[in-house]
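Contents: one structure, followed by commentary.
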Amino acid sequence: MPLRFKIPIFDVKNLNFIVNGQKILSNISLEIFHSEYIAIIGPNGGGKTTLVRMLLGLEKPTNGSVKIFGKKIKNFKDWNKIGFVPQRAAQVDQNFPATALDIVKMGRISKRKLFSSESEEDIQAVNDAMIKMDILDLKEKMVGTLSGGQRQRVMIARALASQPEILILDEPNTGVDTVSQNRFYALLSKLNKEDKITIVFITHDIGVIADDIGRLFTINQKATICNNPKEALSCEDMSALYGISAHLVHNHKHEH
Amino acid sequence: MIEIFQYEFMQRAFLAGILIAILASVSGTFIVLKRYSMISETLAHSALVGVAVALVLEYNPLWVAVVVSVLSAWLIEYLRSEFSLYSDAILAILLSGSLAIAVIIVSLGGEFNNSLFSYLFGSILSVSNENIMTIFSFGIVALALLLVFAKEFYFIAYDEEVAQISGIKVKLLNYLLVSIVAIIIALSIRVIGTLLIGALMVIPTVAALQFRVGFLHTSLLSMVFAISSVILGMTFSFYFSLPSGATIVLCVLSIFIFSLIFNKK
Amino acid sequence: DKKSVKNSSKKTVIVSTFVLFDIAKYISKDTFELVKIIPNGVDIHTYEPSPKMMAKLEMSDLLIYSGAGLEPWLSSFNFKARAVGIGDFIKLRTLDKKSDEHSHHNHQCSHSAIDPHFWLDIENMKRATDIITYEFITLEPKNKELYLKNRDDYFTMLINLDKLYKKRLASCDLDMIITNHNAFSYLSSRYNFHVKSLLGLSPDNESSPKDIIRIINDVNNFNAPVVFYENFQSDKAMKSLATQTNVKIDSLHTLGNVTKDEANKNVSYNDIMLENLEKISEALVCH
Amino acid sequence: MIEIFQYEFMQRAFLAGILIAILASVSGTFIVLKRYSMISETLAHSALVGVAVALVLEYNPLWVAVVVSVLSAWLIEYLRSEFSLYSDAILAILLSGSLAIAVIIVSLGGEFNNSLFSYLFGSILSVSNENIMTIFSFGIVALALLLVFAKEFYFIAYDEEVAQISGIKVKLLNYLLVSIVAIIIALSIRVIGTLLIGALMVIPTVAALQFRVGFLHTSLLSMVFAISSVILGMTFSFYFSLPSGATIVLCVLSIFIFSLIFNKK
Amino acid sequence: MPLRFKIPIFDVKNLNFIVNGQKILSNISLEIFHSEYIAIIGPNGGGKTTLVRMLLGLEKPTNGSVKIFGKKIKNFKDWNKIGFVPQRAAQVDQNFPATALDIVKMGRISKRKLFSSESEEDIQAVNDAMIKMDILDLKEKMVGTLSGGQRQRVMIARALASQPEILILDEPNTGVDTVSQNRFYALLSKLNKEDKITIVFITHDIGVIADDIGRLFTINQKATICNNPKEALSCEDMSALYGISAHLVHNHKHEH
């Protein structure tokens, strides 16, 4: 087993976050290792987004520490290993002069060396990402005119284009149509299994991906870490999390 | 040669005008997207503080104005990024603040042989060779920086947080951008006046945005608009005896109106 | 002790500009508490008063100001004491278009083109001196003799100045000077020369290429030795013109206000007008 | 009575200052939220066009300025709502455009006996009873309209489309708001100057926003800030012999800085 | 049957929408009647949002007509009968000075008469709406600081507070956690059945509400109207709609 497997990618210790005297996150410790597929669930306002933003240094914890690849965030430099789709990614200013292609290409900017122009590899990566998200036909459309779901797919494609080692997704597929969603789940699973990409995925749609994920974090101010997601999805645990009786896995009506 | 170019001052005016049109339109794209459209007004008034200070301390007003403008631009960027205030509100606040400070310095420091406000009015027709050299030598550096980091600036304008997570030095580049803009503005106001530099930064970009094309084409269009307004404006002002700066502004305004009508859906 | 009592018993007279201060000081000598509103070294066009100054104004016994739009901060002030706008009592010149004006007859209309620099005409100065003297006498009748005598002295000064101007400018090679703004129409019409100005009267006008070409041609055609800008105004446009045409550049005093240095040296209306005369006679190439 | 109130002009200044502080801060909340922070700068320059036209045609400058300001405000609102341009960019464009037109009118129309720009500088110390009556009588109407429709303006500022679907006359109210603001500004600039009216519209609101409280409290805080700055500023300027307008601006600026520090997380 | 049942609430005839030469909506005709529960589905970019915006007069059709209660849109005045939650409702400016309560109260503004202040009824309606969406505890929180899902719930509460006769929802519950979503579906069904509120609901989550809805519109440039939703949800129709093989109803993994 190579050494890198020993150092966690993210190493969170005793993280607390308090705003205006209100505890948002309470004493969270967790580790995320290379090529894991982790799902984060929890009720609205549970603190999922806040936690992920702290992992990425976008928000400062009240106390506790976050390390990336064993380094403190402020010393971490290899940001282009990380692809991130924030929760509010699709909020685009109507006038912003960007085609879908422009946006996906942004995924390559940090890979590019100073003064060098677009390489074959860049073009290839952008194209692949657009094919994966099925948005090749939107290439020349202005993002401001895209539908909500189309835009969300463009944002995911941008993150994929940077060919990250770690992909962090905060409810990336809200508003994406059902068929595309299923295709996206399959894609994530493939990226994780075949390309060994580490995936951290915040979602409310846990039932669908329960088979794919490795570990499940449930965040509701505190964190619970389940190494066996299927087991965790039993009604008892969930009702504790959401406060009422909940059927997460089996909550959809269907015909057989 | 045609009549219009037979005067040296006209040659210099064309040269300076085109130089500034390029600088203003290239930096203007990012300025408009970051909702900093009024930055030239604000920095011009900050420059006044510099001028007032320089007059009291008997320094060279131009360079003190440049320094104060850059400091003010940093303050704008600091307030926007650290406190996430509305950028246009910050500009309004700093404009009022600068003007108030300038007025108070004047009232305390007394003695100027020059109207403070005359500093805000330049004329493209009285550009000197020295002015052109200053603008040119700074302009090359500014343009180089703007072009090298164009994609980064663009990404940042689109989404700062995602840009930061992607490994772009957002903070550094933000400060770099406002510094470049502040220097362009501070150098230009004395030469061509606040009116013209403000108009050339904003209007060509907004006109170009109406065509709803991608980034590259928007930038190119905006540069074309800026340069043609300078050329048209100078020509009209020559043949119809109109004030040059104002005529250039009316030309770029006409291009803007035309873009609106042309792209109205 | 006695002195301070006497001091406080003095009535207060407020004047707005340097020229009025010069007259008032000369006429009243030390019989009034005399206050000039616009501080030395401040451009009269952009001045804003402080409450202390306005308090003095409100407590004063007499206010003398120029009028003709020079004191916008007075425009709607409710005066308690008597306030005299000199501009209301004299014929103000109106200007047509920029460049050459001249021939214009002196009628007072509400047209926008009023030139407020009336003090550059000796006749207007006499009129102003008369008005101020009359106001002083009304205010402090017991000093009537003193005021009348001072007025006569001041008149003598003005008349001498006038003679000197006429003499020095009698035979000149040129009949025009070149300035930035046309603030000197009173002088030029009285002493028969022209003012070619790049811009009109308004300090925030902007020039057109034709304006510049016109001035360049004037400089070249007439071999003008010097171009002027007004003190307190930007010299930038004229500097650029001067370098283009290879002529000297100098400042002409509009007497709107004086700098602190000049105030410290106690320069008077007379001094500045003499200095202006030197510069103008050089520009007109007078013998 | 204390010294400061023994002068009638100080009483008038306090009265006018407080009146304008109330008007400016109440309308300012909506102005800031609609990203119109620089509207006073723009409308002041539009007023200049009015003044220039009035001087050429020999009309009363004040009323022509009011009319032109209102027209300009409508144009701003029209461009923003019909073309969905950035509001701050529209303001920058109209500012440049107005100034250019004013300069050209000046150059074509001949002479003005004083700086056109002197129109932009008022002094709160020389407010006349007549001024106060004008401001008061208009102010009551404006304030009444602002308060009656406050909730509607607030909803519109939050989300225009949803407000419209909810049956609110968005278009009408938008034009009403900018008209009120335009009249407040046009009436104020000659009395207290652009500097002061601009500062009182924006800075108290932005300071109040820092406290991150709901709408009602934000409005109240902003009014308290505006009124106290006027009172403090007038007092300081009286005892330290400083220009009143600028001193008031420095006071409201200090309140703003204090709000930032106090609310920094 | 009262007369009002005869006049359709929305009457759309031959609606076309073309932007830049591209057909977005093609020849759509449909009617929506009082107390119907209609779901609109379709792939991303299918034109669902565009259609709804045209129903509400927010976008002008290239040709065709839309009538509300038998009136042309520009003559329609009774807007406060309509509650609308747009797709991008949750895009809130971080600095906007509004508590969750302020936002929900906005739902009452158009009901209020000039000069009258908040009535008992207003307070009651606001409170009810907040209880329904389970956001009473967020009352005093600034919307800018709410989590994505919390904010979405506030927006729905605002629409409910206006006690509309017609509720139009454009993917209102994207990002809302699973438990709250289910509660929301139940609420919609109840509003429709008990209060006879007409509901037009754009969603990708059709499987879950298939039992509740009356009719289903599928929009993909053209409109297909199914009077029997369950039947429409067979694989054949859906694959035609989404272009690939699709399992809409039964697309979730689950345990039994």
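Note that the chains are named A, B, C, D and E in the order they appear, and that numbering of residues resets to 1 at the start of each chain.
Please note the rule applied: a contact is a pair of C-beta atoms (placed from the backbone, for glycine too) under 8 Å apart; a residue touches a chain by one contact, two chains touch by 3 or more.
Note that this is a predicted model, so its numbers are computed, not measured.
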item	value
Partner chains that chain C and chain E have in common	B, D
Greatest separation from chain A - chain, by CA centre	C
Chain at maximum distance from chain B, centres defined as averaged CA atoms	E
Higher-contact pair (C-beta pairs counted), B-C versus A-D	B-C
Chain centre separation in whole Å, for chain E relative to chain B (CA means)	46
Mean-CA-position distance for chain D and chain C (Å)	36
Chain A-chain B separation of Cα centroids, rounded to whole Å	40
CA centroid of chain B to CA centroid of chain D, Å	25
Junction residues of chain E - those touching two or more other chains	19, 95, 145
Where chain D touches two or more other chains, by residue	85-86, 103, 107, 117, 209, 242-243, 245-246
Touching two or more other chains - residues of chain C	45-46, 48, 50, 203-206, 208
Pairwise chain contacts, counting only pairs that touch as defined	A-B, A-D, A-E, B-C, B-D, B-E, C-D, D-E
Touch list for chain D against partner chain A, complex	84-86, 265
Footprint of chain E on chain D - complex, ascending	29, 33, 148, 151-152, 154-155, 157-159, 161-168, 208-209, 212-215, 218
List of chain C residues in touch with chain D within their complex	45-46, 48-55, 57-59, 68-70, 72-78, 80, 94-98, 110-116, 200-206, 208
Complex contact set, residues of chain C against chain B	39-43, 45-46, 48, 50, 203-213, 216, 231-237, 239-241, 243-244, 259-261
Residue numbers on chain E that touch chain A, as the complex places them	19, 42-46, 48-50, 87-88, 91, 138, 145-150, 152-153, 171, 174-182, 204-208, 210-211, 230, 242-244, 246, 248-256
